[in-house]
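Here it is, the structure, as structure tokens.
Order of writing sets the labels: A, B, C and D. Residues in every chain begin at 1.
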Amino acid sequence: MDNSYVPIRMRVEKIAVEDPERNLRTYDLAFEDEDAGKRFNYLPGQFCEMSILGKGESPFGIASSPSEGDLLKFTVNRAGSVTGEIHYLREGDAVGIRGPLGNWYPVEKLKGMNVLIIGGGFAFTTLRSLLVYLLGSRGDYGDINVIYGARNPDLFIYKNEIEEWRTREDMELHLTIDSPVDGWSGMTGFVPSVTGELAPGQENTMAIVCGPPIMIKFTLPVLTELGFPDERIYTSLERRMKCGIGKCGRCNIGSRYVCIDGPVFSLAQLRNIPEAF
Amino acid sequence: MSEWQPRILAILCNWCSYAGADLAGVSRIQYPPNIRVVRVPCSGRVDPLFILKSLQAGFDGVLVSGCHPGDCHYISGNYVARRRFAILKPLLEFVGIEPDRVQFSWISAGEGERFATVVTKVVEDVRKLGPSKRIVKKA
Amino acid sequence: MYRLDKGRFDEFIRLLGREYRTYAPVRTAGRTGFAIVDSAGMIDTDVLVTDMSPKEIFFPPSETLFRYGRNGIKTDEVPERPIAVWGIRSCDVRSLSMLDRVFGSAVQMPEDDRFKDPYWNHRYGSSLLFGSACIDPSPTCFCNWFGGGPFNKDGMDVFTVDAGEYYLLEPVSGKGQEFIGGLACLAPAGESELDLVSAIAAEAASRMPEEEDLKEAGRKLSDIFDEPVWSELSAKCVNCGACTFCCPTCHCFDIQDESQGSEGRRVRIWDSCMFPIFTREASGHNPRALSKERVRQRIMHKYSYSLENYGEFLCTGCGRCVLVCPVNLDIRDVLRRLLHYRAEGKCNG
Amino acid sequence: MNVTAKLRETIRELFSADKVDVFLAWEEGSLPMSSTPLFITDGAQADRAIFDPRCGNNLSVYFTKDSRQFRGKRVGIAVKGCDARSLVLNIQENQVLRDMVVIVGVPCNGVIDGKKIRRRTGGKQVTEVMENGDSVTLKGPEFSITLDRSEVLSSSCLRCVHPDATEYDVFLGEARAEVGNENRRKALDEVEALSSAQRWERTRKEYEKCIRCYACRNVCPSCYCSECFVDQNDPQWIGGTCDVTDTVIFHLIRNLHVAGRCVECGACARACPMDIDLLLLNLKTAEEIKKRFGDTAGIRIDGRPVMAEFREDEKQEFIMG
């Protein structure tokens, strides 16, 4: 029998510091055991429990796309004891992961549709995975529109890639920051209002939203107002988790467990859950 | 195998007892090498939890030392600590932790000699008790 | 049905011990719980509802998931002999079946190995359960609310009745039949013995409380999710974990690491939805920060969410939480209050 | 008029004079010999209130728990001697404003510990409990046991020296001052007669039972840290398992955190589902504090709790010479 509590051993291949305060770092992890890597099949939106032996585990969305190769990418914000310890890791160090856990963005349903990706802050991780995935087989999808907001320009993650996405002709990227800053050429304003201003068409479009709870809360009604039906709005939720396999009892929202029934939910599903927002 | 040696954790206040230990060192006063020192700002900083945790982690004894009454750098830290120790010690004895494993002293920055004497006494007391077993956590 | 004379009970327990690690109710310093026994003399045969529930046998308060150190990760060896339990009550047997729905696999993906909890499965999967009929139900028993009863045999391998001078044993599962089938210390039971059992069963059934209609419980509870009644009910709860720790079906847990130097172990320990830190995130955000939200979670989880997820309640009516609650927040009263909330006309709809 | 009748009368008066927004008392519980906390918000509910030996809950706990549900409200509260001391301590520690509470003292002769009853009956069905002076009769369908009252009283009550409130606005009867109680010394002597190794054996056996449910902490009116040291994880001070060294350290440190603040109401011991004799450590510490510093928790309403105070000339024979 598989033992889902035992982490897979990974090696830190590369660390990128994402912000000047050095609170956000992106880790590229390689499988130590090739077979384990082959068995690890995932899709954008899924997450892993990252394990520091002696400190514990924390859940992180997978930021890489399976279309990119064998490395797994995670972006970690320093917040608690486990994330603090992860920030001490150096390239070459060992780390454990358990996963892939949870469900994924509806990539099959997206085929032939336009995609509107809306993200905020350092929650852009699984959205990066999705975007890279879509761009990897670009022909399968219609228009790709991305709205990405951060408190200030420093707090966008994956800045190098943002530069590349900006110049691409086969997608639209709208960056926005909360309040004006000298030298900022993008948009200003919170994600929900920017979404309203840009008023992307809902026809044959699927909206995928991920960000801080408050951003999600205010963005979903904007999408509804723009005419998106509940079945074409997806969002990814976060809760404190331990086991990741639907047993330990803390991540539920109503009867749904974020770790196995989520983290990706359609608004249609969430409408039936009393405490979703 | 070599003879068992007690391991003692010494929690010393920054302003007096740590300086006293320092003086013992620079004055080349001999004392047993069985102690490991943790420096804290004041004996008032010493939570009984630190002491119990040290014993749990396998230290055979704990010495806590601060400034003499009246000399506290923070005016009254050691007085508050004294009340705490005054009830901690009988409580530990009450539950069956050998009293000599946890000891308190006041050592000033000028008392290098006294530091050596205190450490020697603590090490000898703990040596008599043998290895700590009661509140030590097994892996 | 077989008859086991009490004079040969010790022989029976010893036989059982050859193949199984045998657990039974044991009384230590006035407290009762399940412990390994190797003779009949150690067993407390009178206790109805043990203070600690038998979930501790299969899902201990703390257990090692694996050990780590310089040489990597190692899981502990699984003991060879499977577990047998003697003297487990009907409600508690059912609670184990319920826990098996949670730990055995994921209902959503029953075939997916990733959701099978190996620690639970190696203990529960091969266990042999000797359930006991409840001859003398207590005033805190309410198993009949949930389709149980003092003589309910669901989930047992062998059903046993204490008939005074002897025990009557009835195999329920194939595994149970296989074990007791050829035992020399058992004799086939006769007519008079079976009549006695029926009489005892009727007497026990008469002691059960009036049933509460729980047919619509899941929906009724969902409907009043946002009503103020939850604040009223939770006002006196002090959010300790006594109810959840003594509950035979509560199974929330935490995972922690315990290190000594470079060696250590990852442990699973019981946790409780009553504790505020249970759901508090590293950012400080807590989706169930209020006592009301936590009490509601406990009730909803047992009587509403579980129906949706597992098709049954996560409560067997054993009454332990009623006994241990330090503020006498009686779950039966709570349920009655909630289920009749709309009927009282306190809200529209 | 019995105490219950007087209590109800007092509650009605307080509401009709608009002196309180809520009144904390006890009402009949769901089990034989049990009571449950009652929050009265309307004088008309006064007739639900009771006071008798079933009323063990220390209601002061509701002032300090995280919900702080009575903040800003004028609260009336019925208190036994120990409960009153908890409240005094809460006032001393600025958790409760004296002006915002109306303290109603009730004369207490000890409360019954339901667990002791269950232990005596082996968990059998008790349908009726009758008190008659110093004896208590427990009746079930097939049995009847008569016990000495002391066998079913809460251990804290057997060692009580302040049966009645020391601070109150109304007292329903005649409040007694401090009484002597030799049970305190006896309980300590029993342990102190043991060798160090025997004491540890005793401690280990007792605290091995702990399942870490934290009922003791949560029912304690003096335990109100917004984050308990056992819940801290950075650093994590003590392990979360039922390893006996961790449980002993938890209980010792909790004991020290409530040193000079514990009123020995016995709520922790009555709440413990594992029946750990939690009170003994509290007794030891309380006696030590009384002996050394001449202070008892919850008696003074002014100044600071004893462990936050000091005198320069205190005895310090435990400091190495």
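One rule holds in what follows: a contact is a pair of C-beta atoms (placed from the backbone, for glycine too) under 8 Å apart; a residue touches a chain by one contact, two chains touch by 3 or more.
Predicted, not measured: the structure shown is a model, and the values here were computed from it.
A.B. asks: Keeping to the contact definition above, tell me which chains border both chain B and chain D.
C.D. replies: The common neighbours are C.
A.B. asks: Going by the touch criterion at the top, tell me which pair is linked by more C-beta contacts: A-C or A-D.
C.D. replies: A-C
A.B. asks: Can you name the chain whose C-alpha mean lies closest to the mean of all the C-alpha atoms?
C.D. replies: Of all chains shown, the one whose C-alpha centre lies nearest the global C-alpha mean is C.
A.B. asks: Counting only C-alpha atoms to place each centre, which chain is farthest from chain D?
C.D. replies: A
A.B. asks: Measuring centre to centre with CA averages, how many angstrom lie between chain A and chain C?
C.D. replies: Centres of chain A and chain C (C-alpha means) sit 39 Å apart.
A.B. asks: Taking each chain's centre as the mean position of its Cα atoms, how many Å separate chain A from chain D?
C.D. replies: Their C-alpha centroids are separated by 50 Å.
A.B. asks: If you average the CA atoms of chain B and of chain C, how far apart do the two points sit, in angstrom?
C.D. replies: 48
A.B. asks: So the centre of each chain is just the mean of its C-alpha atoms; given that, what is the distance between chain C and chain D in Å?
C.D. replies: 31
A.B. asks: Out of chain A, which residues touch more than one other chain, so two or more?
C.D. replies: Only 56, 80 qualify.
A.B. asks: What residues in chain B touch two or more of the other chains?
C.D. replies: Correct list: 137.
A.B. asks: Hey, what residues on chain D touch two or more of the other chains?
C.D. replies: Each of 236, 239, 243 in chain D touches at least two other chains.
A.B. asks: Taking the top-of-page definition of touch, could you list the pairs of chains it picks out?
C.D. replies: Result of the pairwise touch check is A-C, A-D, B-C, B-D, C-D.
A.B. asks: Once bound in the complex, which stretches of chain D touch chain B?
C.D. replies: 188, 191-192, 194, 196-204, 229, 237-239, 243, 245-246, 248-249, 252-253, 255-256, 259, 281, 284-285, 288-289, 292-293, 306-312, 314-316, 318-320
A.B. asks: Which of the residues in chain B end up touching chain D in this complex?
C.D. replies: Residues 48-49, 52-53, 56, 69-70, 76, 79-80, 82-98, 103-106, 118, 121-122, 134-137.
A.B. asks: Under the stated contact criterion, what part of chain B meets chain C in this complex?
C.D. replies: Result: residues 57, 137, 139 of chain B touch chain C.
A.B. asks: Can you tell me which positions in chain A touch chain D when the two form their complex?
C.D. replies: Counting only chain A, the residues touching chain D are 56, 80-81, 84.
A.B. asks: Quick check on the complex: what are the chain D residues that touch chain A?
C.D. replies: 233-236
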